[in-house]
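Quick one: the structure is below, questions incoming.
We just call them A, B, C, D and E in the order they show up, numbering each chain from 1.
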Amino acid sequence: MQILYLALALFLLVNLGAGMWRVLRGPTAADRMLAGQLFGTTAVAVLLLLAQTTGNVALRDVALVFALLAAVTAVAFVRRAWTEERTNNES
Amino acid sequence: MNPSDYLSAALMIAGAVFFLAGTLGLLRFPDVYSRLHALTKADNVGLGLVVMGLAVQAESWAVVGKLLLIWLLVLLAGASVAHLIARGALERGIKLWRR
Amino acid sequence: MSAAFLFALVGVGLFSLGLYALIVHAHLLRKILAINVMGSGVFLVLVALAKRTGESQPDAVPHALVITGIVVAVSATALALTLMLKLTAETGRAELPEDQGK
Amino acid sequence: MGALLSEISWGVVLILLPLAGGIACFLFPRAAKVLGLVSVFAVLLSVSGLGWNIKVNGIYRHAIGGWNAPLGIDLYADGLSLLMLAATALVGFGISVYSADYFEREDAARFWPIWLLLLAALNALFLSADVFNLYVTLELMGLAAVALAALAGGRDALGGAMRYLLASLLGSLAYLFGVALLYHGFGSMDIAMLAVRVEASPAVWAALGLMSVGLLLKTALFPLHFWLPPAHASAPAPVSALLSALVVKGSFYILLRLWLEIFGPLGGGVDTLFGLLGTGAILWGSLQALRQTRLKLLVAYSTVAQIGYFFISFPLAASAGVTAWSAAAYLVLSHALAKAAMFLATGNVLRFGGHDRIADLDRVVQRLPLTACAFALAGVSIMGLPPSGGFVGKWLLLQAALTQDRWDLVSVIILGGVLAAGYVFKVIGHAFTLADISHESREVPAKMEWAALLLAFGAILLGFLASPVLSLVGIGVPFGVSEVSP
Amino acid sequence: MEALTLLHWTFDILLGLGLLWLGWRVLTSPDLFNAIVLFVAFGLLMALAWVRLDAPDIALAEAAIGAGLTGALLLAAFAKLRTVEKNHDIAGQLEKGKLENRSFQWWPATFLLVVAAGLGHTVLSLPHYATGLSAEVSANLKSSGVSNPVTAVLLNFRGYDTLLEMVVLLLALLGVWSISGSALPREAAPGPILDTLSRLLTPVLILVAAYLLWVGAHAPGGAFQAGAVLGAAGVLLLLSGWRLSSHLAGLPLRIILVAGPVAFVAMAVFTMLTGGQFLEYPRAEAGTLILFLETAATLSIGTTLAALFLGERPKNKREYP
């Protein structure tokens, strides 16, 4: 089972790398931030797998904080750093 | 490798497949909205499956509870952020993809 | 060449990358990012070398130092960002006065 | 009374007092001025308490949290730290009296909390014996100095502060990397323990290189001085005095302490390198000062030059150890007083005439007699003319150089003095002449002029107090090159 | 066993290379916004690196402060930067900012390659086995009042560093408030979804902060991680348009901001008066005293980080600002 956990964690890490390509190429700012969101979810999965492999319970707390903080960064992007002009009428 | 190991292995591999699908969607789909759609759905289901796979192995119900809490939070955050990004994109006039 | 030294070398690499970017780039936001990357590099060296305790738990003192360092880094970054914004408001460009010439 | 005095742990009081004062000023901005003055005066008293304690009981030592050196952090004060603490308290008090009238309510509420936290950082720095703790105090000092430098808010103040912040952060990170190498190489962060354990190895050379570059960047020694003139010249007058007189000395003190305890015995050509850089600083700083047309920039470049003098003592310490280091300590003390007086005098001139262009210092002597006298007396100490503290420092330096017949350094010291005379008299000369354009002037409060004058008197007075001060500095044998103080 | 160690190795190598590659991309990416998003991803990978180095405490701190708060700070600063640059109507500079920074300069690069090689050699020359101070820490752990070694070092053995470091945070806020004016930008209406999200997430964030504070005594967690998560809750509230009511923005806010340093100073005076050294907790009550200190520290760290994110001094009509 240990091997499976670690293999999956490795697979998800590679998955992260693939998602990185979208950050570089993404035409709009939203695409880039989207990939940031991908990072959050995948990192939570990797952490949970590592928690099971090493038996270190604390990693689940790290995953919990990750899940929460990914949302805060994304909201910060939406509310502040989205700079393209609002074309149609602002609600 | 007793039956519960097989079950959790199957669940987690399925989860990984969903993650792969999410990333492929992110790379292949033509516009923001479809990528958003692919990413949010696939990854959350992927994480759900991985969490269930781990829950089967979990040593106590408290751990299962914590894992589910983490998953619910990711679902909540993922869904609302996806909506915010989509609304923001619409307001900024990012065109939907047409064939 | 255990994991400790692998990550220590990665730390050295990040430190040098950050130093290069700090020297080369004129835009202040890039300089602030460079300083953060350099800081992560030094912290990586501190914690990686703490893992040379064989099988037992790694040395806890560098971990405490790095937590202190991370908080110091975030407060320095906050001050640097505010200073950059005020300087840009005054001069119109997010660059140090003498860099704006070239 | 004696028991009470020695029973109180003065080192801790010296750190907590300005800290509590700073927090109080932040909480009650309207009473910031009064709280600030009271705290700085109390710091002055506790420094004399510590001095009395050290004179009676020898080295002051305090294990924080009850944990001894390798695990916990030690406070440690010998003659050298006492000298730096005394300089900080004296100059700090003078500057506080000056700032009481200099800032209006809005700026005062911003100035006092940051200044008192800077004072706490300086005291903590001079008392600490732990290398990582010194990193935290360095960072604290750097951020406070940058916040103060940016107080004026103009275009060049913000530019100078930004450049200063980047240089300070780079210096701190290089220093931290050195701390990491020392800790992982020798298993301790306490300076005394490191002194015993360190032997020449790649880790030590790299740590020496990184820490020296970091600290030289923060001390603004010659090639790395680029950030100092704009930052010090564009800051408000009391802040420029703080930066030049105290903040720059903090990082020099750490370099000196590390050199005396850890890196000095290693040898290698590094001390001659410091000597060369010091020479470059003296020549380059003085020449630049001569070319300046604005008074504040002239005084800032004079700081760059005087810092060079401190580093001349490194190559001379090889054989004439005690005299060279005492010379450096004395120069640091007298420069602190003299440079603070100079910047405060410049502040008076700036407030009086609305500008600090040297060419048209319209009859400053007649209209601001005290300020002109303060500037002149401070100039005497910077030049190193006989009655002043600067003279005693340079005389000791010359003595050390002559015993090793290092004629090159002797000529540099004397040439530096002559160049310093050049730019001081340039200013004094203009102060007497009648400028062609007369302009309306603004009244300068008497307290501000007296503050500058008293600091200048302090610099001159040091010329007469050579032996008592040097005996005080000698406590705990900080410069004992041969045996390593525990 | 061979396969497992191989997997561990590939994971570490991949993570290391990923860190270096991301670090390089962050610093050389043509577009500034792109650099910031990459920096957030860099923070996440750093947290994974801390996990691989058996440093869960730092992984928590990095996740909360490194990726979360620093990312939010950078994004907010980027937004203000664009509006300020647009006011100065220098569209050309925006393009120039994009292009002119990608030129690769040989001299600094070769110099830094030499520095990197030197430092790399130095690091590799260090002894392969070294326990540092772990023996002393574990020997004194029992009398430190907590069982998590990192919290013991942070709050007891080197509590003085923590005091100074909280003053660094306070000082950064003083600096930010003294530099920036106090003109608060008008926050757009949050809209229903963001409102419900913050209404749901903020209590969870505060609960997690309290949990981390409590668990810090015997497992990874503690004042800084809890304070950072509390700060994230504050940032989320600020983003969804919430502002501190004006009569609270004066002295009460300042009291919370200095709660941490004041608690430490009071503790120091208390320990000195009861005959101990500076910050020497009486052995019996060390645990409870540390918990009290950590609570005060969490409160002031969280509020300070949220105030740093806001960047402006909150307007207070009645009292002197």
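As a working rule, contacts are C-beta pairs under 8 Å (C-beta built on N, C-alpha and C of every residue); 3 or more make two chains touch, one makes a residue touch a chain.
Note that the structure is a prediction, hence the values are computed from the model and not measured.
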Lowest number of touching-chain links that must be crossed from chain B to chain C: 2
Both-way neighbours, i.e. chains that touch chain E and touch chain C: D
Starting at chain B, fewest touch steps before arriving at chain E: 1
Chain located farthest away, centre of chain C as origin (C-alpha): B
Distance-maximising chain from chain A - centres being C-alpha averages: D
Contact pairs, highest-scoring chain pair: C-E
Intercentroid distance (Cα basis), chain B paired with chain A, Å: 11
Distance from the mean Cα position of chain C to that of chain A, given in whole angstrom: 22
Interchain centroid distance [CA atoms averaged], chain B/chain D, Å: 58
Whole-Å separation of chain centres (CA-atom averages), chain D against chain E: 31
Multi-partner residues of chain D (at least 2 other chains): 132, 136, 139, 143, 146-147, 150, 153, 158, 177, 183-184
Chain C, residues touching no fewer than two other chains: 15, 19, 45, 49-50, 52, 61-62, 65, 68, 72, 75-76, 79, 83-84, 86
Chain B residues counted as touching two or more neighbouring chains: 73, 77, 80-81, 84
Which pairs of chains touch, using the document's own definition: A-B, A-E, B-E, C-D, C-E, D-E
Complex contacts: residues of chain D adjacent to chain E: 9, 12, 16, 19-20, 23, 26-27, 29-30, 62-67, 70-73, 75, 105, 109-110, 113-114, 117, 120-121, 124, 132-133, 136-137, 139-140, 143-144, 146-147, 150-151, 153, 158, 177, 181, 183-185, 187-188, 201-203, 205-206
Complex contact set, residues of chain D against chain C: 132, 136, 139, 143, 146-147, 150, 153-156, 158-159, 161-163, 165-166, 169-170, 173, 176-177, 180, 183-184, 230
Residue ranges of chain C touching chain E (in the complex, touch as defined): 2-10, 12-21, 23-27, 29-30, 33-34, 36-37, 40-41, 43-45, 47-54, 56-68, 70-72, 74-79, 81-86, 88-89, 92-94
Residues on chain B engaged by chain A in the complex (per definition of touch): 1, 5, 8-9, 12-13, 15-16, 19-20, 22-23, 26-27, 32, 35-36, 39-40, 43-44, 46-47, 50-51, 54, 57, 63, 66-67, 69-70, 73-74, 77-78, 80-82, 84-85, 88-89, 91-94
Residue numbers on chain E that touch chain A, as the complex places them: 3-4, 7-8, 10-11, 14-15, 18, 22, 25, 29, 33-34, 36-38, 40-41, 44-45, 47-48, 51-52, 54, 56, 59-60, 63-64, 67-68, 71-72, 75-76, 78-79, 82, 188, 190-191, 194, 197-198, 201, 204-205, 208, 211-212, 215, 219-221, 225, 229, 232, 235-236, 239-240
